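Scroll down for the structure; my scribbles are underneath it.
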Amino acid sequence: MTATPAPAIELRGISKAFGPVQANRDIDLVVPRGTIHGIIGENGAGKSTLMSILYGFYRPDAGEILVGGKPVAIADSQAAIRAGIGMVFQHFKLVQNFTVLENVVLGAEDGRLLRPSLSRARGELKRLAAEYGLQVDPDALVEELSVGHQQRVEILKALYRRADILILDEPTGVLTPAEADHLFRILRGLKDEGKTIILITHKLREIMEITDNVSVMRRGEMVASVRTAETGPAELAELMVGRKVLLRVDKPPARPGAPVLEVRGLRMVDAEGVERLRGIDLEIRAGEILGIAGVAGNGQTQLLEILGGFPEAGARLQGEIRLGGRPLPLQGPGADGRARRRAGIGHVPEDRQAEGLIMDFTAWENIAFGYHHAPEFQRGPLMDNAAIRADAMGKIQRFDIRPPNPDLAAKSFSGGNQQKIVVAREVERNPELLLIGQPTRGVDIGAIEFIHKRIVALRDAGRAVLLVSVELDEIMALSDRILVMFDGHIMGERLPAEATTGDLGCLMAGVEPARADAGGGAG
Amino acid sequence: MERMPKWADVILTPLISLVLAFAISALVILAIGESPAEALKVMVQGALGSSYGWGFTLYYTTNFVFTGLAVMVAYHAGLFNIGGEGQAAMGGLGVALVVLALPWPHWALALPAAAMGAALFGALWALVPAWLQARRGSHIVITTIMFNFIAAAALNYMLVNVLRPVGSMDPASARFPEAAHLPKLSEMALGLGVEWGRNTPANVTFFLAIAACLLVWLLIWRTRLGYEIRAFGKSEPAALYAGISPVRITVLAMLVSGALAGLMAVNNVMGEAERLVLNAVEGAGFIGIAVALMGRNHPLGVLLAALLFGFLYQGGGELALWTSIPRELIVVIQALVILFTGALDNMVRMPLERLFAALRRKGA
Amino acid sequence: DPALIFDLGGKFDKSFNEAAYNGAERWKAETGGTYKELEMQSEAQREQALRRLAQSGANPIVMTGFAFGEVLAKIAPDYPDTKFVIIDMVVEQPNVQSVVFTEEQGSYLAGVAAALASKSGTVGFIGGMDIPLIHKFECGYAQGFKATRPDGTLIINYTGTTPAAWNDPVKGSELLKAQVSQGADVVYAAAGGTGIGVLQAAADAGVLSIGVDSNQNHLHPGKVLTSMVKGVDNSVYEAFKAGTEVEPGVRVMDLASGGVSLAMDENNKPLISDEIAGAIDTAAKAIEAGEITVHDYMADNTCPVQ
Amino acid sequence: MDFATLIQILDSAVRLMTPLLLACLAGLYSERAGVFDIGLEGKMLMAAFASASVAYATGSAWLGLLAGIAGAAAMAGLHGVASIGFRGNQLISGVAINFLASGLTVLLGQKIFGLGGRTPSLSGAARFGEITLPFADSLRPVPVIGPIYAELVSGHTVLVYVAFAMVPLTWWVLYRTRFGLRLRAVGENPASVDTAGVSVVRLRFAAVMICGVLCGIAGAYLATGISAGFVKEMTAGRGFIALAALIFAKWRPWGALGATFLFGLLEAVANRFPNLDLGFVTVPSMFMNALPYILTVVILAGFVGRAIPPRAGGEPYVKER
């Protein structure tokens, strides 16, 4: 008998291969009870895989799992749930057209009939909401919730199943700073109750802020496990990528030139009749990065889509867009994505998997996507696949896309590398104007550094960049000017030098900072 | 690196599946009290054992290539075209109208015109469902099914009331003029001094089918339109992002698909029957679905699958003609082939993968 | 040996092909001979089947159905020593016997019988696939009916436009019910397998039906008024019997020659009153004597009565 | 058109829609669980054959019904093994089942009965008789309600009532039970069900088997309810029409009722008015025969918007690529 209580989780020699890919190799991990344990690692390092094994979603090829000191066979998620493990996946596992309540109850019903389960869950949700500040409308359809709220539903699902050990896979990737702060308050509350939390993130700031211990993975192996207090961001970053990483964007001051994009009075009413944009005016000059901050769902997506030439079906648009002084049509045949590209607009869409890539296409086919009409890719009436492949190989090398195999389907790349494929495609075209949404969502810090560098380089080459991100750090680091969007209009403009997180946070919540000061901090 | 060598997946998996399908078929034959060995002999002999058998096998193959390609092209655009049957029937109408409209001096002139008629009618018959899908969101599966029935009715009307020579019992058009008869493969072989497949229906259209495979391959994998079709079929939001118009792609893909299905009529109506009869398509439109899916939506695969079905059709026909085995046995064998090679392929693939993994480990 | 080729419907179609089969079987039973038989699988096989049979020395070769017409015309000259018999179609070749039936005459009598057996004055006709041959039945039936009951009502339905129309008893039964609900109490079905559904539904609904091609009276004894029998079996039987001596030319199998007739047997005896029997007899005699000419729909694609 | 005619047409529509409704609901279970099924036709055909054969052999329509269910369930099991167990292509599997049933029924029928694939005609207890509901005859004289009750509501075989009862039952199962919740979830996002600790395979299999059972009833109705025996290919495309109705219904039970009623009604109308005389022109019967299909397209284009299938439909659930 030892005095120290058994760790909540202990993994011994876990290995897992997906066909030829060795995603986890002989991994050991110990997570003490009542702690928050961080796991970091590059894209594709095997973090999600490891956690999915712990949750019984995948079966390990080898290895042992101990929960509370006792070996348990976790053959499926049911077993994991019984062992007190809950997991919030990187890609949510929610049924989009179910209500919150139905999603929470699914798989944890009390009996054959639904009614009693639902009403019990309703009460339970109320209690959990009060206890942890996890408010969500139980009757809302999940597809109508913001990602932040969807995540809450995932957490509620785990808590509803009385999870003692909660795994969160990149939970903050989709959250605003305020939402992230809120999440961390919840996590601390859970920890204080004695629950154990495993947190996967790419953000070292978060690791430093909230975890007790941190483990680092690289290429399928566990390379280090340390106490957070005894390490620092630079060391972690180096452990992660195996080299020194620049944690701040180095950029020379902007030298803005002539206006490239002018938007005047842009309004949009969507198919349901909701006004999504309420008169947007903005201007971006050559050699300038304009950052748009804002909580997701305040019209940024619509703005990017309209500029990129694919507003959602049934939308009604009004206003004026000029590129290099020439007016661009808002809608109709001359206003599609292809026409926009021809006019010189590049676009990294917010949702790389649904829009930016064809997941079943190979990497090289994806690298021509949207530019498949470009003259250099044609040979007579046919497409010049050799030329496209050659072009793709170059981009794969220059962007260090891994694995450097152009014949692999896009879906076989990790999220970060998928993002690099899209960025490589759009940035290397050297467009007059680059629209870029959430450029580093879910991307590891090595890749973030690289992508940021490329955006700045594009700017320095005299191009205009419109950056939309929910990541305030990113906005502040990259932008030459910052606009904050709220409820379809521009709340305010700031220069990064003079802006503070609090100030921007207020604007993002729709509150003028002056008034917020007077009123005593709404938000 | 793949889990198992590509050649194994492309050749070994279907081959073993095929063997399994035939093994079960043998059991069925035994169960109805006939000899599987005898049946196999008759089938192989009748379909592949003589130039005569080949003449029929290739004729059926030609039909299935067209309908298979039709399903395939639509499938790449994410559209499930169940309307090959109707489109091919209307293609037949196109052929008949073209051939009967003018006194064609030579088949070489009549063929391109008739092919255009067939493609045009087939394409037009696909246009309405396509347009409704693109513009109104009417599900193409329903509309193409409905258009099969409507085509049957329209054809019936045309044959009985318009194209049928007065006094003829047969709801069929007049015979096509001699000059518009397409050369049979047997005649072409004779021209080369070879006695091959006398009195068999395989005709020049076979080469048209091969050309169609090639062209479809080029279209889908080498042209911008094909690229856009595939992109749209995989992800509509991404297609919109790239400026690919869903309406344009839906309509174009279905036009090509319908045209291909319609082109089948050149083979069966102009090449074989030399007049338009009711129900000339005989289910080839539906077999096209199986052919496309089994051919993994690739023209080469479609060609091979069409050949397989051509063999089954002809071999099965022989079986029913010259033995006491009912013709429905062939339908059962077809079903088993479709099932094993198309739907139960993983049953074979999974153990194979394990086998190759073991081999690799030993080798490494 | 003689040979028999069935059309796409298959030999067990309960009507036309089956009648041919029965004729061949009768010949077999009587003479102890053997014959070859083939069922068509597809359109393209017709020529193949004919040629292979001819090459194998089969003689005569009998085939059922108009769909063989074109092919036979093409290949008959290639085998001058073989005799061919085609049923339901005229092919003018020196070695071909064409057997055609005057279905309009038989159907006329069926119309007479229906007119007299009907209490309501409304009778029905249910055809299979909507093709001219079936209109021939319909038109003869209509003439007989209207001649007997000028004020009567005739309801006409066709099952469909695809080959499925021959094999849809469900639709047949539904069509019958629709006709019954409109007052029909005698319904003539010329619809292959679909007709089985019609006869069944008629028996269920307590109305009379009229069968076609073969004698179908036994299917529902006492409920099938009669059947318009086409002597396909006889034609096959006779062709087989004649062997290589089959006489080329057109053989019109009409009422006079017994080629078409109404089936009278134990099963429908209670249904055929003297009045009906007499009327049928009179009409038959008049037709045979040429006093009544039953218009053939096929002659001009029209029917004088509706 | 008078009231009696209307009732008769509706009555006919009810009979014609019954197999469609059952097959449509069958497809609904399967597709709601994410397994596409174009093999409804084959399953119905198999069931029709099995039920007719057993009903003939035993003289009992009920045993026939059981056999029909067993026959269709066997086909459904095959579909499940192929498309769920081995993650095969669901469309191919469905096509194969259609072919298989089409061939096997005739092959077996010929082997057993020697009638070229037909079964002998059924009579008496081997068929489902029409049920006269209580008071049907006494209520008949009551205006409006009388005929509706006595002719439209009463006087169908028990399977018709079963089919109609299936609609609220299906609705209840789908929206009011645990099984229904999971079923709907697995068709939308199987990973959500899997991570909730519920077996995707078992759930989908259950759905596919229910589909088989309902197809079995549909087939038995065709062979032993509305007609008296099996005729080859007697389903005559009804499985495909049911599929169309399912999409039309947007995969909802009450929608299925409406959609199949529409198909039944259109066919009943076409049956009733085979040659529509518009005075100046007589619409040919071919056109009237095609009318239900033409109207379907028109209605679809005009009134029914985009139908969004269950999101995970057609895709086998694969965790590891």
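As written, the chain order gives the labels A, B, C and D, with residue 1 at the start of each chain.
Quick note on the criterion: a contact is a pair of C-beta atoms (placed from the backbone, for glycine too) under 8 Å apart; a residue touches a chain by one contact, two chains touch by 3 or more.
Being a predicted model, the structure only gives us computed values, none of them experimental.
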**Q.** If a chain touches subunit A and subunit C alike, it appears here
**A.** B, D
**Q.** Maximum inter-chain contact count - chain pair
**A.** B-D
**Q.** Farthest chain (mean CA position) relative to subunit A
**A.** C
**Q.** Chain centre separation (subunit B, subunit D; CA means) in Å
**A.** 29
(Q) Between subunit B and subunit C, what distance separates the C-alpha centroids? Give it in angstrom. (A) 36
Q.
Nearest whole angstrom, what separates the Cα centre of subunit A from the Cα centre of subunit B?
A. 46
Q | Contacts with 2+ other chains: residues of subunit D | A | 117, 237, 286, 289-290
Q) Which parts of subunit B, given as residue numbers and ranges, touch two or more other chains? A) 149, 152-153, 156-157, 160-161, 330
Q. Going by the touch rule set out above, which residues of subunit C reach two or more other chains?
A. 130, 160-161
(Q) Going by the touch definition at the top, which pairs of chains touch each other? (A) A-B, A-D, B-C, B-D, C-D
**Q.** Residue numbers on subunit C that touch subunit D, as the complex places them
**A.** 10-14, 130, 155-158, 160-161, 164, 167-175, 177-178, 181-182, 193, 196-197, 200-201, 204, 219
Q) Of all residues in subunit A, which touch subunit D in the complex? A) 18-19, 55-58, 76-81, 87, 89, 93-98, 102-103, 105-109, 111-115, 117, 157, 411-412
Q | Of subunit B, residues touching subunit A in the complex | A | 1-3, 218, 222-224, 227-228, 230-231, 234-235, 237-238, 240-245
Q: In the complex, go through subunit B and note every residue touching subunit C.
A: 56, 59-60, 149, 152-153, 155-157, 160-161, 164, 166-172, 175, 199-201, 268, 272-273, 275, 277-280, 282, 313, 316-317, 320-321, 327, 330
Q: Report the residues of subunit C in contact with subunit B in the complex, numbered from low to high.
A: 38-39, 41-45, 47-49, 51-52, 66-67, 69-70, 88-89, 129-133, 160-163, 298-301
